[in-house]
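Below you'll find the structures, each written out as structure tokens.
One chain, subunit A, appears in both complexes that follow, with subunit B as partner in the first and subunit C in the second.
Take a look at the complex of A and B:
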């Protein structure tokens, strides 16, 4: 089956273990959220997949072929990273041109249209772009590439709310038009929670969750109400965290809510992805 | 698979720089020619070695240094493996060396002709001629000499390009402290320690050995006289060794922080 297989990948930087035997599959035509705290190993994993750095152990296979140092496998993968890997003196329109040369399946016309939509000056040198516009030009590159696996590392860094909204909309349109896999690594969990189908959560170099968003959010519930009532209700249950506000308490519980046990004054709601993420990744 | 766009990228960047280099150099040579015409006395003959003959190999060294260090991140961004980077980099260096050798030769001919028009006898004596043809002028070259001169100077430039490549990669792979140590150590070693060692310990043995090696690879120790074909063979061997070592340095190189 076509997919990216990450098999027991480990990576150390000196004494720091960035990735610890990570094994996960990235399936075709899905939108993933790759979540994790700062230093969890997200960017390291993306850099290993895209051949920018080498794993100390393990392997990454793209459609059954090892991707390390393999042009054919790498032609199916594109990583849009935080760092700018383009020459400082290269203009945006030159970057469009060379992306087409290297990848072939790059829609230059659409790139210019999106540049106009975002207000990006294509004659500007990439190093002279502001943080927001540097993200925009990289987003445009990613959206105009018709290849199976596109990785976006902090794609909305520096973008204002309007541009972020535009990006999410364009991403979904692009995905609907040409279904391919997008893996979005971001800290703005609530903003992408409605976009992503699957979630991979990394903590301290290990994958702690690899499931659909639906499955993740239905793995538990939030119970809110007066603190004593909530405490009584959650006694004996797996509570992964709680927030207090005056006398009110919200507890995050793993499991299925038994509606018959719900007392008056208690409210049961879905788990909030960001809150769940925080609870799962808190030390 | 991505060797074609990689090579195209290298060549485009290279020829832009080469174009600027030759534009400046040619103008300077023409200016020098005109000045010589203005200041010549009678029918005196002016001999000069065009700057392109030394500038071009220097250009190749710089290209070798930059080719992987300056463009690695761009290549990785575009999904190019280090293997492909290396192959296209080597190809571009060879193309550059041969192209510049041909252009240098043409410039020498043109400048010579221009001198003729200005009644200034300008004749070039390339390094090839000085080493293997008793210093005859270009105007006295046979067709065979022209071909051998082009091959000789091209291989010399290729060799220097490869030297630049390995130098660039060694420094690229070193840590910050390593680079300082290597830079200071290399300079200090060559300028200070080596002469002291030669004077006190080795009694000039290192210098003699280096000289013998250079004479040997250039084919200047041949019993029947200087032989450029020895340089053809030895340059290919040296390039293969240096190229192999360069690939070993490149194959696991990680992109450096800006």
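Take a look at the complex of A and C:
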């Protein structure tokens, strides 16, 4: 019973279908990657789960309880989104205090430690933070909360490579210390591909993949070599895309490569998550 | 320890292989504790479930063992066990691929044997 169940959720904005009968489960104590192209419906889904917007149809159940307008269910869910809903003149440290009062399970001491680690000025007004520091501020809020379901919408927006590394490391340490669910929505797929346990891919408001990251990565392979040899090999197989370079071809194939069938001069390599994602979400 | 995300070898297998290698070289000594899943996970930014899968594989083969509440330890005789396994797999891992490549290059059996002997001379 402990899970978030998204049941047949649909949402339209005027003529645009943002979510089309989405059904997916978010299980406890797991790290998810929520992937989709711009406008695929990721943020809409996250906003529906956290009750910031209402679904036209369907329901979201948090540990068996309908979440819409239910404070107890919603107190188990935190969404860190791009938009900031705090009063403009509120300082970072005041928001820490407020979050502690609202959620209870907020580690204020750790929030101050992390602020120092990232070089975030807690006396700064939250509305005056740069894009990078606004992300850092929200990451700190999310990592210091001990609640079961934490959703991170574009957590590394504007962060430099050093700060992104720090975030991934802190996330894993925080997860090990207090296992809880993190759902990360990001465009930097390769950076999180081995960090996440499960992956959910959304395309045009529909869930097109919902499986373990390992399963997704082993679902296909790349075969490269002379174009005509590659074509002969891939005949009758499910090819989801290809790249050409002169007479050399790389084909992206769904399935497992039968090593005994591999002809001379062909090379079989892994299909990385980003390549798979691009091929699966190209319209 | 290093991991190759480009490799076709799954990450959990790489973790398993790297720990095994550290046991073999003595970097992780017998009857001592190996780094925790959390340490490895945070260091390489890998999901802890993946790390655990790799470690459990070594528990199954008797290279590591679990101490309840403490973590994973290197089993007694583990290094020798790894050596035995590698000796047993030497034909599959090294000799067969070498013969395959040699055949592609039209090298005869005598020529390969000659090259192996030459290799020893450079030792």
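Operating definition for what follows: the second predicted complex is superposed on the first by the 283 of 283 C-alpha atoms of A that agree within 3 Å, B and C clash if a C-alpha of one lies under 4 Å from a C-alpha of the other, contacts with A are read in each partner's own complex, and residues count from 1 in each chain.
Methods note: a residue touches a chain if its C-beta (ideal position, glycine included) is under 8 Å from a C-beta of that chain, and two chains touch if they have at least 3 such contacts.
Since the model is a prediction, treat every value here as computed from it, not as a measurement.
Asker: Does the subunit A-based superposition show subunit B and subunit C clashing or fitting?
Answerer: Aligned on subunit A, subunit B and subunit C fit with no clash.
Asker: If you stack the two complexes on chain A, which partner ends up touching A:70: first (subunit B), second (subunit C), both, or neither?
Answerer: Touch status of A:70: first partner only.
Asker: Between subunit B (first) and subunit C (second), which, if any, makes contact with A:168: first, second, both or neither?
Answerer: second
Asker: Quick one: classify A:176 as touching subunit B (first), subunit C (second), both or neither.
Answerer: second
Asker: Contact-wise, after the overlay, does A:24 reach subunit B, subunit C, both or neither (first, second, both, neither)?
Answerer: neither
Asker: What is the value, to the nearest 10 degrees, of the angle subtended at the Cα centroid of subunit A by the Cα centroids of subunit B and subunit C?
Answerer: So the angle at the centre of subunit A is 150 degrees.
Asker: Going by the contact rule set out at the top, does A:197 touch subunit B (first), subunit C (second), both, or neither?
Answerer: In the superposed model, A:197 contacts subunit C only, not subunit B.
Asker: Given the touch rule stated above, what does A:87 touch, subunit B (first), subunit C (second), both, or neither?
Answerer: Touch partner of A:87: subunit B, not subunit C.
Asker: Once the two complexes are aligned on their shared chain, state how close subunit B comes to subunit C by Cα atoms, in whole Å.
Answerer: It comes out at 28 Å between the closest C-alpha atoms.
Asker: Taking the complex as given, what residues does subunit A use to touch subunit C?
Answerer: So the residues of subunit A in touch with subunit C come to 31, 165, 168-169, 172-173, 175-176, 190-191, 193-197, 213-214, 217-218, 221, 264, 268-270, 272.
Asker: Which of the residues in subunit B come into contact with subunit A in the complex?
Answerer: Per the touch definition, subunit B meets subunit A at residues 1-2, 5-6, 8-9, 70-71, 73-74, 76-84, 251-252, 254-255, 258.
Asker: Which positions of subunit C touch subunit A when the two form their complex?
Answerer: 5-8, 10-12, 37-38, 41-50, 104
Asker: Can you list the residues on subunit A that touch subunit B in the complex?
Answerer: For subunit A paired with subunit B, touching residues are 50-54, 69-72, 74-75, 77-79, 83-87, 90, 98-99, 101-103.
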